[in-house]
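Each in structure tokens, the structures are laid out below.
Here come two complexes built around chain A, the first alongside chain B, the second alongside chain C.
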Partner chain A sequence: MSHCRPWEHGWSRRRMLGALAAGSAAAGGAGAAGLGGLLQPAVADELARNDKQILLIWLDGGMSQLESWDPKPNTPFGGPFRSIPTTLPGIHVSELMPKLARQMKRLALVRSMKTEDANHSSGVPKIMRGHPRNRGVTYPFFGSAVAKLMGPTASGLPPYVWVKPGNGGFISKHAGFLGARYGALALGDGKPPANLVRPDSITSDADRVRQELRKKFNRQFADRRRGDFNEANSYVYDVAQTLMKHVELFDEKQLKETDRQRYGTHDLGRHALLARRLIEAGVRFVQVTSYGWDTHGDNFNSHASRMPKVDQSISALIEDLFDRGLDERVLVVVMAEFGRTPRINGSVGRDHWPNAWSVAMTGCGIRTGTVVGETLADGTDVKSTPYDIGHMFHTWFSAVGLDSAEAQYMNGTQPLPIAHDDMHKVDELLI
Partner chain B sequence: MADAPKPTEKKPPEPRELFKLDCDRQLMVARFTACGRMLVAGGYDASIRRWDLCAEQTVEVDRVEGHHGWVSWLEVQPGGDLVFSADTWGRLQATRGIAGTPEIAWHHEQAHDGWIRSLSVSDDGQALVTAGRDGVIRVWSAVDGKLLHQLKDHPADVFAVAIHPEKKVIVTGDLFGVLRRFELPGGKCVSETSLAGMHFYKRIQDVGGLRLLRFHDRGRTLICAGGEPQATGRAIAVPTIHWLDWPGLKIRHTARLGAKNHGFVFDLAWHPGGYWAVVTSGQPGSGQFLLLKPGQEKPFFNTTKMSNCHSLAVHGDGRIVVTASNRNSQGNGAVRDKRGNYVANFSPLHVFAPPGSEEKPAAG
Partner chain C sequence: MGYYTGSFMSPDGRRGVSWVVPRQFLDRKPIMRRWVFLCAISLGGSAAPAVDAADESLHAAIDRLIDAQAGDAVRAPAADDAEFLRRVMLDLAGRIPTHIETSRFLDDKSSKKRDVLIDSLLAGQDYPRRMQELFHAMLMERRGDHVEWTKFLRHAFAKNLPWDQVARAMLAPDSGDENLRGAAYFLTARLTKEGAMAPVDVPGLTRDVGRLLAGVDLGCAQCHDHVSIDDYKQVDFQGLHMIFENMQSRRGDSFPAVTERVMKKDKEFQSVFTMDPRTTGLRIPGAGDVPIQTFPKGEEYSVAPDRKAKTPGVLKFSPLKELARGLAARGNPLFARNIVNRLWFVMMGRGLVEPLDLFHSANPPTHPELLERLATEFTAHDFDIKWLLGQLARSECYQRSSRLPGEGPLPDATTYAVANQKRLSAEQLFWSTMIATGEISRMKPKPGTGLEQVVAQTESLAALQKQFLKTFANPPREPEVDFAPTVKGALYLMHDEKVLELLKPRTGNLIERLSSMKDTKQAAEALFLAVVSRRPSGSDREAVERLLEKKEGVARAEAIGQLAWALLTSTEFCVNH
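== the complex of A and B ==
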């Protein structure tokens, strides 16, 4: 009886690619860039096509579904804004997102999200982990899960990169029981880790000696500490080494001014543009976070200010992914931990609302031009079949080629499903 | 040595709440008609609500329909019979006979492309000016709704607009706390003044603090009100009013009317008793109704009994109405009433007798 599991095949393939890439590098090529030289072009293309990636846009705090994907104009809870038609007949979105309205044929939308947690502190991790059944372990965030299940691409770049405002660093807690090394490499404000580039005053030979010394110290350090901690510690240095080979990713001078303007010069625009470049460079999972969506006060002016930036940057991103053919191998998801209440509070805000909200997606494996689910006319509940985040995890894993009904993690000797075992993929969303 | 006894401070008289009117939806603005017979209000249900003050007991009468989205602003014609109302879908409407049998005198379905942010009527009641989220300022004939002037391409989302009593100048306040002065009829922008502190940017959100503009004292004073924003998300601010000399635009006096985690001045009006009546709203339950004498930094009366105050109006007889939002209006998740219904919030209207009035609160 075979005990192998899908991700083990993934590792094998990756090892093969890694070996090929290493061979290529040894032959004078450089990593993945040399891959085509060792394979038939058609095979290389096929590998590239099948090497799926994921880009998650996370609107932290909870974007209002009523001011974005699921407007209810002229209803008691509809708010001040109008809705506008999209390129999908009969489907309207908020007037605050005219560019995304034109991209709707390239998107799939779920308007019947119904989740359990109305708190940020517990809701964020639940959504990020796909809220699996409680088995007494801490499940990984989506990015860490993908990092484990699919590993790095042939590029060798770190598999989980998080572009966020504020500070960066290596965020090991996202990895849960998988172990710290599957954490997120966070690029604070889209900047590379400090001192990434070797200073000119240090020659490459001197740098090599330093790295050997570091490894030696690491081994001594490791002897006195837990294995997973050491692994992560060592891994962070390896990641830094890898990134040093891709410093051009962070060189904003290489950006086209037209791209800057299309994405926007605000945080979200800059970070979404960096995300596209990270995806193009081969990062397996990129998360872009925009903070500050917890609009308990002044919700409508807040969305009037925020939504045009979302509209601008995400529509530019989708446009580029499709124009470059990346939609065939990149899954894009736009979501938050919940939506916002239909009821408008006394400070003209909307509060937390997991009862009926929306998630948007596009890219590989996704049936674009689809709207799944429906809310009541006043937006106060889901009218059709409700979907939880577990359904989405099954769907997204399936979209990137993972059989979430069969695949399992191993936590020591404990097999664990990779998504909620009572839930299933949403076939309407998949090709 | 014993301290000298402090002179007894006489507590100034305070306004007394006479009665409260119920409204089943949230309101953004309330005004008394020029004749004083009717209280009119607009809000989240796209209609003009009316309360007949001359009835034995104040009662709500038929609504005036026609608007969409929210009725974002409403003003009465000084000395006239018209009520001007604007909504968030761009409709501008003039209603005649609102104290009796109302009829729409004129309207523009698309006076602006979307949210009409502000509306101001000239002192003589002959012109009104509107500012939209579309970045356009328009001046209209109050009598027939004819477009008189149009100022296009305002560089930012306009939050506030006012027309000078002489009708030769319009001022606007935008999302970035910039005060602009435009000359009529050409519509040329002749000055820009940044009101430091009335704008905040973080995490892809601009929070605008300049939300209300009013000329006062026959145009010799310009009032810039709103708040000094401190954060995005909850959009907290210090409620702030600046009084500026006109036309020099020098800040003569500033009153900061709350803590950093409070909110914005939502409305204000000059009371014939010689003071400003002001309402503020921000953090849940942080609404204030306060009375402030000219040149003072602290109000002589302040109550926080009403949750989140959004508008006020002063009647010719001195009574003041304050619209608030109901308490317990906040809540994450599906907070429901006792019957299990998911209900909208609503705006009670509190009617006050001015300080020193002998009027007694209504029984019951």
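== the complex of A and C ==
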């Protein structure tokens, strides 16, 4: 049903996003599916044309910046590893990432991250939410925010898919105040959601008949009723059917052996490869998580065994995205909740260090071949202008075409900025 | 001519004052009205001004106040009998009506049949189960379950215990009362570790007590005064929190239980912003300070604990009992407002205050006078939940249609001019699916057998029930407030073999019953009555006729199964509208 709502009369971008955020009618997100009755066609078109996508690699527990992007060899805290030159003149990274060193020209690096929270339990959500100013509401994680602000792509696939080790399911708590439906569809170990495959007892014809009947009954029900419940309920069936069409995504037999070898057969490799295919299939936001980076003990052996997996899979991913021209519209971010202490503790480990760490990114209007900021010679603090996660959120939103200085969510009647209102995008990182 | 009446209670609920004033007197004397109002506050009563309770029932007052505020908004007509029956059955019995109940109600010509139905549902055998399921989801937020907790809730609602007594049982559990001791699970379930690395979340318990029993979420005031809500102070949090820090789960019993230590001194805390050291005694939401009483060493107990007999003893000063007495009290305005707002939400699909757990002065109710009236009368009726639900169900506001014929925009949800749609809980969805598909009647239960017994006695149905709850309930610790259908739920109903089996003809089930009907019109009517609790419309009939045309035997049964599936997965079935 289309009946007009206040925001349909005159719509600045701010108003439009606010309207989407209010969400009472945007049921399944601002996707092509839910837009028809909600926005004037021109706005709907504008959003539908936005084909930008995001791929977040999350190294949970806190990858060491000193054993990766910001090595400090031959200093008291440097540890045993050497640094190696990269394709960017003058820029060195840890010897544990030789393949990524060759990709440095295609990356942008921020070495001056300085964030607030040194705890996993509160630090992870803070970083994931872009740590906005506290307004008494629970902000969405990055993926849920994008699911809300951009909705699904024209593919109709769920906008926020999370590939992770362990169990899958639907993780609604990522959505914060936006409401459960903007949560993550989690694919545990990359496995498809339960019940994705139609059992043999139902032929595709029989399925078509019953789905058509369901739609007919729903249309009748929704007539002259508030539409949000029916939109939400119809949306999940649409997504389920769209996912079924992509069942091949979960068929590992269809993978090329060369791809498998390039990405690696370990968890991160398999999950990064699935992430590439999910992006190609049109998922708006894909997150890949690798656990176990909390190296309080035996930091160096841990990184010696873990870093090659990151090096292998992320470099293969970047290679593929650039080879296929996807870098033009896919933003890739590699980060964790914080870095690790320069000081080496009594268990030959490194502890939590939000004071000076690094984030890498590329694609979608990010200025490649850039290194922003630097740390002190011993790595203990940021030497240049420090950047918080809020600055990154502004930058990333900008890269995917959202004006984060203007756009707002609406939480009931409370307007909320989508990124920290005291912070701004980092122009050096953008083309 | 009429009278204003009201009553106040002292914060501990022990002294009560009732008053009656001629209406004319107060209406003409604004100063007197204000005086009465202030008296109400100073006596610790709810801050409601004089209430006209003498000549107006609560449901009439609801309609008067809702109507006054809805102003010019176009009203939906009254729900027709089918719409009303389904709605009130879901709300008060936790399930849809059977096709027999529906036809009987639709064919009943009595003008009083709605009131009769409401009363019979409130007195019926489904009511305690429905309330147990509702309050379980509301209070435990899917943290888990315990047989003793279920027993407590079932007892509370079967006996229609006053809400203050129910709340006191949860806050200061009495392990000596076999029917009520399971209430301790409200506390103990929140004192378990969520993982090997996670500490027990005592602040989370403090927060939940405020949220669920007083409608105030003090969570963000743990380390400093709330940054955006002026009413929520750190001292409020800390003064409540110290009660739970002084308490722990008691081990070694088969039922949930807690023990308290002797509380010796005020709690010291400081704001992470100002670093000023401060102290507080107990502080109870809506009731203020309770000084700590101390006793000389050795004299803290009126009944000393006995280690050998494993009896915990009885403290002379029990912070939990102080909390129970101060929070679940007649004089505590937050206590009554919180629960009437939550029950209003359950029945009307929207809270008068939203979010349900953010009562504060900058977040006023949409209908302030109504909220006060509900709270005052609910208190005056001894916190009688059954009475309140009956009044809500009798209002025109509740009995309006969720559909607005004609043209033009639908009025805002807060006007209640058109009934709001409501989420079905996983339990409501399960029982309704069982009723609709004829699974319960297929088992031919003896008259008077509850739904639960039928399912518990049938292994396959018990397994299905578990799977339904797993699929449609929210994850732990997420309030089930919004309608939040999931892809998981859709795929489950689309493809799960056990679900699909419900839609194959089996002796005595819906599909078999319909397949045996030669007349398609008759089959269409039976199908719609069974699943969506109404008679089919013209176009519904056409859809059925078109699909069943010339189909016989297996093909016909299959087509009926497809129709039933489409109705079961339709929005009409999976929401309360």
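We adopt the following convention: the second predicted complex is superposed on the first by the 346 of 431 C-alpha atoms of A that agree within 3 Å, B and C clash if a C-alpha of one lies under 4 Å from a C-alpha of the other, contacts with A are read in each partner's own complex, and residues count from 1 in each chain.
Note that in this section a residue touches a chain if its C-beta (ideal position, glycine included) is under 8 Å from a C-beta of that chain, and two chains touch if they have at least 3 such contacts.
Note that the structure is predicted; figures quoted are calculated from it, not measured.
When both complexes are overlaid on chain A, the residue A:Gly179 reaches chain C alone and has no touch with chain B. With both structures placed on the common chain, the touch criterion links A:Arg224 to chain C but leaves chain B unconnected. Using the contact criterion defined above for the overlaid structures, shared-chain residue A:Asp421 touches neither chain B nor chain C, since it reaches no partner. When the two structures are aligned on the shared chain, A:Ser121 is found in touch with chain C, with no touch to chain B. In the superposition on chain A, contact of A:Ser305 is made with chain B only, not with chain C.
Of the two partner chains placed by the overlay, only chain C lies in contact with A:Val236; chain B stays clear of it. Of the two partner chains placed by the overlay, neither chain B nor chain C lies in contact with A:Glu328.
The touching residues of chain A, counted against chain C in their complex, run 3-5, 121, 134-136, 158, 169-173, 179-181, 185, 193-199, 201-202, 206-207, 209-211, 213-214, 216-218, 220-226, 228-230, 232-237, 239-240, 243, 412.
Residue ranges of chain C in contact with chain A, taken from their complex: 198, 220, 226-229, 354, 402-406, 408-410, 413, 418, 420-421, 474-475, 478, 482-492, 494-497, 500, 537, 539-540, 543, 547, 558-559, 562-563, 565-567, 569-572, 574-575, 577.
Residues of chain A that touch chain B in their complex: 61, 73-74, 76-82, 95, 118-119, 165, 266-268, 290-298, 301-302, 304-306, 309, 341-349, 351-355, 380-381. Against chain A, the residues of chain B that register as touching in their complex are 25-26, 44-46, 68-70, 72, 88-89, 114-115, 133, 157, 175, 202-208, 232-236, 263, 281-287, 307-308, 310, 324-327, 329-335, 342-345.
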